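Note that the chains are named A, B, C and D in the order they appear, and that numbering of residues resets to 1 at the start of each chain.
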């Protein structure tokens, strides 16, 4: 995939086009869909942070929800206490999350797969209880995060959810574009090197620990952005808004998308949001007892996850590329 | 002929590690397989013991084919393999490592007997019987590895580089005990060695492997005498 | 990389396609959303699955059961009541999405009994769907006093008395009944516990021993014993428990294990005898003599006309579901809603139903023994508690056989014995 | 003084349960080099079978037995029908490092779903078989009750029988050998795949036992999303890591350390910090002694 290099500029147009398409399509949608759209964008950002971490630097996190939370809270706190413009709060949210990531990354760099997985899990379990230690964090019911109503030029009665969706989409495009360029930069190559083979990387003079920590920091920052978006769509932050389930969903989404390329990131995000819908329609058709209908979404998503790991471990996009390359090879013969 | 291999071919992915190899070892004989690095010696051995899958060819042991038989089942057919490096379980004590060899026989009494036999062959192991095997010296570990193989009451013993990384004195001991075992237990032995000289000295039969192909088969003494072999593998 | 980019775009196209399947809002027909000549559709989001589900998962069923009962008796003003429920697993993000769906897709007339402070806050907050679409949220199921503030939440109607009120009532009771005794408290170290502390503070009650605990930590076997240790060392003679039922169960369980018997005062949120008894960790008799609070009669007081009726309805319309305080909560919500609909008259609108509750909501028939505080200026629900004593069967009996109801507010108003006379149950338990 | 004693006894009782859970994770780790985040889920499922047994027979012991049996079966089936395929499919590429872990998460979700469908989302409860009233010293009553004593004894018995199994039997020898050197074990004639499945089965049984004890000593009931079981997983993992993740002895020590540290922080520092304490303890161990408190060599001993 590095064969065809595309400079930041031209790729920028690609993303712009993507944005325009989404904008165009979304104009046809009702609030339910645009709100789900906003959620999708939130997931895209969150999942890409995991893909960066896992696919490009070989680390894992089962507790990334914690960093979303940090980002969301940081943004909400700055918004509420200093009443700064939203965009500033977003930036601060990202920075604070990144710093938190750097701190955890320091230790994460020394941990291998299962240890890291468990520790991040423990982090996600442990962190929320902090909100009750400090008055300013507002306890279990959390804090408001009011980004205000849509700008006037969008017209009277313009749905805030559509506004959220636009902002979320913009955030998604910018972060993916940035991430993509970062991954094609020197750092990206280093990460892949480390992922591929520690020893070789070390021999070629790569400071593995540093590159791991950097990856974790960036990842946490992006996660923080997702956290702010989530806070925006909720109009508030609270421990309940960043539950363990969220962390698991992100990991799940990353695997559904395929952890070693950003290409499929949309797939995981859309699936996560679509599953409950699908479950709904299924149980509508088949009826089924309440016990079944209420548990169907969980079963579907878990089942899908397992099937993916079993049969398309590297994700649909990678799979397509592989099979295409195979065909090419055959044609070549 | 107790061990018969013909046209055996083994691939590692694309590379052909063992190419059309044919060889035969009579019962009770010690055959040394020599050859430079990457000649396919180890692969050949691992294939015989069922660790690697052959691509084509035939392998017969006691007249029965052992193609595609799993390693854990070959032991039950009397084939014991001492793999390259000190093939012992470091986390286990010497005694446990030895008992491991007899585990498939599911017979505590026999196991106990074999244990005594082995410790009489390698008294050193007897002295260190309760120690964890990762506290042993290289030579002792090699003895332990061989001892474990013996515990399985094998008919065919496959030895992969028993001399690897050992001091000359120790190497001599090991080779000596291998020779003794072959005779005392009427074993058929396939011995893979870098240390060609040492190996050929104790061997009845010598097989030279190069780039996966058999380039020479003869009785050990005449191989030692052969100038080409000398120049190529014995280094003088 | 080119490939990658194309993928990204096509992927977004895919997602767009998925989204395109969406329905587009049709032009709104005359009359209020969710209301037809013959029907009214309500929406509810609350946990059916997830960590918080056990117990609460019964509430929607109870609401439906009462609605069915009403419908079998001709509905209200010729309209049948229906409820669309969506499971939010107690996750605010899901709750908001559910609310948006209920409003836009299911086209409900109003939301009912949303559960949990965080979720409710996200739904009725500034950017919450209830606010954005100006949809009333009736009888929310949380004790957070904030929602009663009409200015902040013009379309939100609360039901439960606030934690602050409860704390103030307890404080008053302790000062009257247990002067100069050593008082201890175990409370959940979060906002709901802190709300309570504010209440005790305003009522001027100081604690000799105070034991905070992290929410969920009662699930760690090591935790509860330490509470008792602290209480004992502090020599508390009267102990207030202000925590969720799992924590209250844990506390009593450990106390029983230690045969530690102070004078218990169990806050209503965790003091539900059926829940504690069903935990099988202690004999119910151990609760005998403990003080408890409630604003409604206890769920096993079958002599109470409302409870009796609810039991009957539950048996018929919600078969196989054990009757407990969750059922009572659900039916009370439904019962009050039905009356609000009735009061709002045939020309039912989202504005008119809120107005109706503000106007006459305080006079609606309902099991609550404390006065309802609805007025044109306030959306406060029940405004007080009666204090009783648990008997050996876990029933909460009013002291000297009469409900003495203390009433107050979430602010600085004093705690007074209420003179409120609960409206008698209308015939057949139907709004009249 | 009495506080000290109480705190200590609390610590070891809950520590014992963590140890059991930790051991089940260690067993899985040793046989397949996977940390199984579905372990608590599997334990929960087994406990539902145990619950059914208790309902029918009224005997906790039969329930415990059934639960452990179910645990063993469930684990064996999962290893045989799932893990093997999984490890084959996702053995290379970046997925290799995370695939198995994520898959066990999927497993967890699936199990929860199944429980929800079969037993519903409400709480179910198992009645404690022994009195929970604490023993008394003079006029002081301890938090330590016959029930907790029973818990300790059960754990002790299980641990002893496992130690016997591992140290004195051929199966144990096979389990330990294949955990460390699968190839050599094959050459010794051990059917490593079968042994692996047995390892999982043992782990499943241990987890189920931990679950049953949690269910009777814990404060709440069991439900598909039981927080107590989620915590059991996290604490079990932490305990396992403290012990070096590779050693059963370590798991025991780890569980006890975790139990005691929690108990003492709770009594003498503050009640609101239990989860953070656990997390910090984990980090400290990972950074200061990644090989676990009882050290590399010992940590490797089977």
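The rule is short, and it goes like this: contacts are C-beta pairs under 8 Å (C-beta built on N, C-alpha and C of every residue); 3 or more make two chains touch, one makes a residue touch a chain.
Keep in mind that what you see is a predicted model, and the values were worked out from it rather than measured.
Colleague: Touching both chain B and chain C: give me those chains, sorted by label.
Modeller: Looking at chain C and chain B together, the chains touching each of them are D.
Colleague: Tell me which of A-C and C-D has more C-beta pairs in contact.
Modeller: If we tally the C-beta pairs in contact for A-C and C-D, the bigger total goes to A-C.
Colleague: Going by average Cα coordinates, which chain is farthest removed from chain A?
Modeller: B
Colleague: So, comparing each chain's Cα centre against the centre of all protein Cα atoms, which one is closest?
Modeller: That would be D.
Colleague: Between chain C and chain D, what is the separation of their C-alpha centroids in Å?
Modeller: 37
Colleague: When the C-alpha atoms of chain B and chain D are each averaged to a single point, how far apart are the two points in Å?
Modeller: 42
Colleague: On a C-alpha centroid basis, what's the spacing between chain A and chain B, in Å?
Modeller: About 55 Å separates the centre of chain A from that of chain B.
Colleague: Can you pull out the residues of chain B that are in contact with at least two other chains?
Modeller: none
Colleague: Give the residues of chain C that touch two or more other chains, as numbers and ranges in rising order.
Modeller: Each of 48-50, 189, 214, 217 in chain C touches at least two other chains.
Colleague: Quick one: which residues in chain D touch 2 or more of the other chains?
Modeller: Residue numbers touching two or more other chains: 116, 121, 224, 231, 272-275.
Colleague: Let me make sure I understand the interfaces: which chain pairs count as touching?
Modeller: A-C, A-D, B-D, C-D
Colleague: Give every residue of chain B touching chain D within the complex, in rising order.
Modeller: Touching chain D: residues 49, 51, 70-73, 75-76, 80-83, 87-92, 96, 99-101, 103-104, 106, 132, 148, 152 of chain B.
Colleague: Over in the complex, which chain A residues touch chain C? Could you list them?
Modeller: 1-2, 4-6, 11, 14-15, 17-18, 21-22, 25-26, 28-33, 35-37, 39-40, 129, 131-132, 138-142, 144, 146-147, 159-161, 164, 176, 180, 184, 230, 233-236, 238-241, 243, 245-246, 261-267, 269-270, 274, 290, 294-295, 298, 317, 321
Colleague: Considering the complex alone, what residue numbers of chain D touch chain A?
Modeller: 29, 34-35, 37, 82, 85-86, 89-90, 93-95, 97-103, 105-110, 112-114, 116-118, 120-121, 224, 230-231, 234, 237-238, 241, 245, 272-276, 278-280, 282-283, 286-287, 290
Colleague: Inside the complex, what are the residues of chain D that reach chain B?
Modeller: For chain D paired with chain B, touching residues are 170, 173-174, 176-177, 180-181, 183-192, 297, 300-302.
Colleague: Along chain C, where are the residues that touch chain A in the complex?
Modeller: 1-5, 7-9, 11-16, 18-20, 22-25, 48-50, 87, 89-93, 96-97, 100-101, 104-105, 116-119, 121-122, 125-128, 132, 144, 189-192, 194, 214-215, 217
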